[in-house]
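Scrolling down, you'll hit the structures one after another.
Across the two complexes that follow, chain A remains constant while its partner is chain B and subsequently chain C.
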Partner chain A sequence: MSDLLSRRSAAVALAVLAAVTIAAGLVFPDSWVGTVLSVLASPGTHTAMLRLAVPIALAAIGGIFAEKSGVINIGLEGLLIVSAFSAILVTFRLGAGESTALLSNHWWGFAVGVIVSTLFALLFAAVCIEFEADQIIAGLAVWLIALGLAPFASRIVFDSPNTGNVGTFDAVTVPVLSEVPVLGYLLFDTGPDVYVMLIAAVAGWYLLARTRFGRWVEASGENPKALDTAGVDVRKVRYAAVLLSGIFAGLGGAGFALGQLGTFAGGGETDIGGRGFIAIATYLFANYHPIGALAGSFLFAGLDAVQIRLQTYGYAVPTELIRTIPYVTVIAVLVLFGKTRLPEAAGEPYDPDED
Partner chain B sequence: MSESEGDTVAGRSAGESDLAVHLDGITKRFSDVVANDDVDLRVERGSVHALLGENGAGKTTLMNVLYGLYEPDEGRVVVDGRERGFDRPRDAIDAGIGMIHQHFMLVDTMTVAENVALGNEPRKWFGLAVDRARIDREIRDLCDRYGFSVDPDARIGDVSVGVRQRVEIIKALYRGADVLILDEPTAVLTPQEVEDLYDVLAELTAQGKTIIFITHKLGEATHAADAITVLRDGESVGTVDPEGTSRAELAELMVGREVLLEAETEPVETGETVLSVADLSVIDDRDVPVVSGIDLDVRAGEVVGIAGVDGNGQAELVEAVAGLRTPDAGTVRFSGRDVTDWSRRKRIESGMAYVPEDRQERGLVMPFDLVENAVLGSQRGPAFAGDGRIDWAAVRDHAEDVVGTYDVRPATTDSEAADLSGGNQQKFVVGRELERDPDLLVATHPTRGVDVGSTEFVHDRLLELRREGVATLLVSSNLEEVRSLSDRLAVIYEGEFVDVVDPDAVTEEELGLLMAGEHPEGTTESETEPPVGGEGGDER
Partner chain C sequence: MATDRRAFLTGVGTIGIATTAGCVGGFGEEGNGEDGGNESQGGSGNESGNDSDNGDGGGSANVGMVYATGGLGDNSFNDMAQQGLLDAEEEFGVSYSEAEPESNGEFEGAQRDFAEGDYDLVSCIGFAQEEALTSNASEYGDQNFMIVDAEVDADNVRSYVFGEPEGSFQVGHLAGLLTDMEFEAGAGSTNPEESVVGFVGGVESPLIESFQAGFEAGVDHADTGAEVVSSYVGEFNDTAGGQETARSMFEGQGADIVYHAAGATGVGVFQAAQDQGRFAIGVDADQSVTESDYADVILASMVKRVDSAVYTAIESVVDDAFAGGETEVLGLEQDGVEAVYGQEIGGEIPDEVVEAVDSSRQAIIDGEIEVPDTLE
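Take a look at the complex of A and B:
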């Protein structure tokens, strides 16, 4: 009881703090609070938020499928890296050309990025499901391999860990609808990568909640033995779920590379910069709900967008610090609103002969 | 009963065409262990057929062969007069066989309807969506037909064990099962729920379904079955008609020798209070109160039993006493000292022995050999580690003693705990704890999974400790066990003691009602018995 009270008062305190901040910003527009407010209200920030959300949201939706089926895929970061890099590489090789509109070579790069990510996911699935390797270690291996492989391949092709520039997708403007205030510029005058993200979130939710495959994924992660005795092959369901995580992460990585980056810096933590791990925090935050994960990715990408804009005003908030916010938020949310419940059988290989 | 081919039910002989299931000469080996040895089973259509045997007799293996989970090494599976070989459960399901496993095969986070249809979901919109309305309709039809009442939209995690079992039955019927295999269906039910289950079985057979039910409880087999096939050591020892076969005869068939069905207890002078629990409350990991204000005294030389359906707080109560769970309120006193805040280590060293409910989780380290397992809990004590180093030679001697005395097989201390069968693991844990020379023994399901012969030995040993003045707190889901061993029997329901009864005077029906949280009319035991708070009159 007292627990609940303290949670409630913490939430109230946060709301009051937010209200006071907003009021202060409105009263003193020239203070730093005012600057933050104007950045928050700017359409440029919103557009940037949507584009920065692409890799996080799509990797998170992919991660939901894998983890719901019982395979924890912490290699999402690696899948984003390989798909982003190969999308840029293939586009570059085919020739970026003048046009970055529909039906340009960018789409070939996009497709190859998704395929490469899916192949990596297949490898990960085989190691975890067929050979019953530890999922955490296998996932780390996917990340570390991608971290080494992308700059290595880049050095061979471009003689540098950074690729050449291929430009980004043009925005696709939907007639009439794009004239709608706010929603118009946000949802109907934006890059194809954002459309892919929005469609994928709805499709992911539908697949999980409304189709039989979705029910099998849930059963496979909660009680695989029940699924097995019901006559459904648990391994096949898990393979399919992990491959889906590869496809979604591939859409995210390739979409981010061709929609936002235009080039790929393979040095250090690469241009992906931990977004795959933020995706994991995002879907835990959203309690495995694809639409919730989309919303969560807006929150975390929004913070990133604000941070980038603030730097142009001379407030140099270190990116590294901003990147910790998702994790801090997840911990705060878990403390304030209770526990994220992992699927019962997550992390365990399924052995039909075991009782 | 001879070991000949005499499979025919006394007085009736069934032709092949009347048989729903015929298992003919089934042999199944696991590496060098023969789990089923040339077993025959003939099940008549529309009957309830009990498969009776001790744990490890091969009952479940035989049914897993029928269900397609195991492939037999020899023998034929004939269903409805046709020889079938099932490679996967799917094939068995398609042939009209449904199995209700001992551990329910349900997904807690999904609804009744989703669980029932799992793997067989009807689809609409060109396969793009699950036709949930149709599932609900079919479940309602089945409920109407067999007189069940189940809400298709309830989440499995929210419904009772009895309802879950009903859902398992509906699930099998939904898949078109004509033959239902139930593996130890009564293990988790209250006596009242067991009665309801018998009614359901009668309704099912009346409508032409065939039931095979696996049990090791004699009473259930004689009560509910039309025919009983007894398995012993993987072999079929015969099929009998429950009418005209006594329980003693059945027990002898099961074990292969005469068995004392109840442990003999003689009165023992009780001493001072060893364990005293006062107003104890426990809140579990999900913030739900599971033990509420329990008072309990156990004196030297006394066995206090706790009866209740699993999940009513007995596990948490015992863990609080043993020091594995912090109580939310109340005190635990042991030999006159307040030990509520004592660590587990301190409790062990002061003479508290504990047989945990889950031997694999808490009793043993599975990849350790028996020598290493024997020292668990005593790794700091003077007996084996007086100078801070473990005296492995002494531990080995001790382990060999336990293995010898408690008939643990294989009789070598070099095997890993994981290589022992469940019953033998249990014997080893019980042996280790009982040989600690405790003042207080806290035991949960001490003979779970142990065969009848070894159960007798463990019971004798418990009574010997009682004579030596050890106080014992005994939790068991086996009603016969708690009734025959206990001096006083507390019945727990939803975290509270409903009543404390005299185990010799209470009837099974009364006990069943108490376990369901109801006070039967006219029970007088509670008035003649001292309340569980002991003579001090800690009445609640």
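Take a look at the complex of A and C:
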């Protein structure tokens, strides 16, 4: 109770602080507060937020399904990498800007990216469910394999860890509706990858919260024995959930590659650059709620978009510090509002013969 | 919870060890292992069958190349170095072997492999090899070494450093002059309402900051009152970060020309320029050629002639005139750095701008302009 109270007062204090800041910013537009406000209010920040949120939100929703079913998938980063790379590779090979069988090659690349990610997830599922390998180790292996495989394949095809350029999806502009203030440029004049993200978030929520399969997934993570007793095959449910995580992460990786990057940089941590790990933090922070994960990815991507802009205003604050803003904020929010509870059986292989 | 954590640590540990072991083993072919013995001698490359003989004056030589991490195929730094090697092969018929270390820890072993073998020159590419070479140079006193981008004080090492600030000054001057004009070429145009140009860096380091310092001084020299906005993405491979950063400069601040020193992150800068119909300036190699998809927005590139450093070092070994213990500074005067105009749209830059940039080049060479190499 006191915990709840202190959190509430913290939230109130935060709201008051925000109100004072906004007031100060409006009164003194040239001060740093004014700058922050103008950055927050600029359409460029908002659209950047939507674009940057795509891989994080989709990988997070995928991670929710896997972990809810009892399989912790920390290989999301690897799934993003393989789907991004294969989407670019296939689009490049088919010819960017052309069509095959009436469908733009970007969409073929997108489809293959999702399939490759799903195959990797299948491999991961087999290792974890069939062979009862440690899920954390198997997840790390998925990441490390992807980290090595994508640049390696790129070297074979492009003679360089970086692939060629295939351009991005054309933005979808809805006539009339795109003229609506704010909502117009946010929702009706944006890339298909953003629509995929929004639709997938709602679909993920519906599947998890409103269908029988969603209840099975939940039971498989909380009390697999009970699910087994009720006559549902826990193995199948977990396979399906991990494959779903592969599909969602694939949508994220391929959507990010073809919606924003248009190319794949394979050096160092690749141009995915840890977004899959941010996705894990995001769904934990949303307590496994798909819509919450979408909101969390907006928070993270939005702060990233803000820090990028703040740097260019040339404050005397070191740029390294400004870059930590998204991470520091997420930790602060976690402390204030986070109440993550891991599914009871997460991380443990299910053995039906065990009592 | 406790077991989870233990499992995690075990996992990280196991995989970490496995990865390290993989690195140490290397691929064999190119002998980039820490203690891979003499693998590299039989390695790739021995294309011309000429036996090497150092003291032969005009005879051919055997060269060992140790590339910077990132390896070949980077379309810039390492590929430029290899170009110098290939030119020397064509000209003098030298033979060579190459090593592409994956991490900084592997430099010392890779250099040692070559030093133990029969090589007339070991070329170390990149400032990160400085420390490894310092210890190897004293251990193998009879071996000739060269290093690019760093200074090693030893009698058997020839160091090559570039005047990056001077080259950046040149493209800064160009950007400062153009932003004030109404200029349209290829897929871009300047923004007549604002006089702002941008700089995007990869990771904060003295080297990258020297690019920024030179660029800012160049813009200042144009004396058009143009403002420079700058930003560091924190990664050399974050295309999306480079894209969003440049986009915020173009959209939010009204910038019309952005210069990058950010590796693959810089590709994002080109994408943003194309998207917004503005301009970008490339780095290291002529990027209107190496990244030709973006040639319609690349005004110019600040080219670092790593190839000529490698070539001249090999030449000196072939001519038996290798002079170790010296540092060669390759600035504007030595054509070590230069502003190379874009293949596609560079020709449309107004003559008076080109002339002004040429004259500031001369002024730098004559010592009339001091180019800073650190941010104040």
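Note that the second predicted complex is superposed on the first by the 314 of 355 C-alpha atoms of A that agree within 3 Å, B and C clash if a C-alpha of one lies under 4 Å from a C-alpha of the other, contacts with A are read in each partner's own complex, and residues count from 1 in each chain.
By our rule, a contact is a pair of C-beta atoms (placed from the backbone, for glycine too) under 8 Å apart; a residue touches a chain by one contact, two chains touch by 3 or more.
None of the values given here were measured: they were computed from a predicted structure.
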Chain A as common anchor, with chain B and chain C clashing or fitting: fit
Which superposed partner A:Lys225 touches (first chain B, second chain C, both, neither): first
First (chain B), second (chain C), both or neither touched by A:Asp159: second
Partner chain(s) touched by A:Leu140 [first = chain B, second = chain C, both, neither]: second
Chain B versus chain C as contact partner of A:Gly347, first or second or both or neither: second
Partner chain(s) touched by A:Arg212 [first = chain B, second = chain C, both, neither]: first
Per-residue touch tally on chain A - higher for chain B or for chain C: C
Angle at chain A between chain B and chain C, C-alpha centres, nearest 10 degrees: 130
Chain B versus chain C as contact partner of A:Asp271, first or second or both or neither: second
Gap in Å between nearest CA atoms once chain C and chain B share a frame through chain A: 13
Contact residues common to both interfaces of chain A (with chain B and with chain C): none
Residues on chain A engaged by chain C in the complex (per definition of touch): 39, 42, 44-45, 48, 51-52, 134, 136-137, 140-141, 144, 155, 158-162, 164-165, 256, 260-263, 265-271, 273, 304-305, 308-309, 311-314, 318-320, 323, 347
Of chain A, residues touching chain B in the complex: 3, 210-212, 215-216, 218-219, 222-223, 225-232, 344
Residue ranges of chain B in contact with chain A within the complex: 69, 88-90, 93, 99, 101, 103-110, 114-115, 117-121, 123, 128-130, 171, 287
Chain A-facing residues of chain C, complex: 4, 7-8, 10-12, 14-15, 19, 70-75, 198, 204, 229-232, 234-241, 243-245, 247-249, 251-253, 263-265, 267-268, 271, 291, 293-294
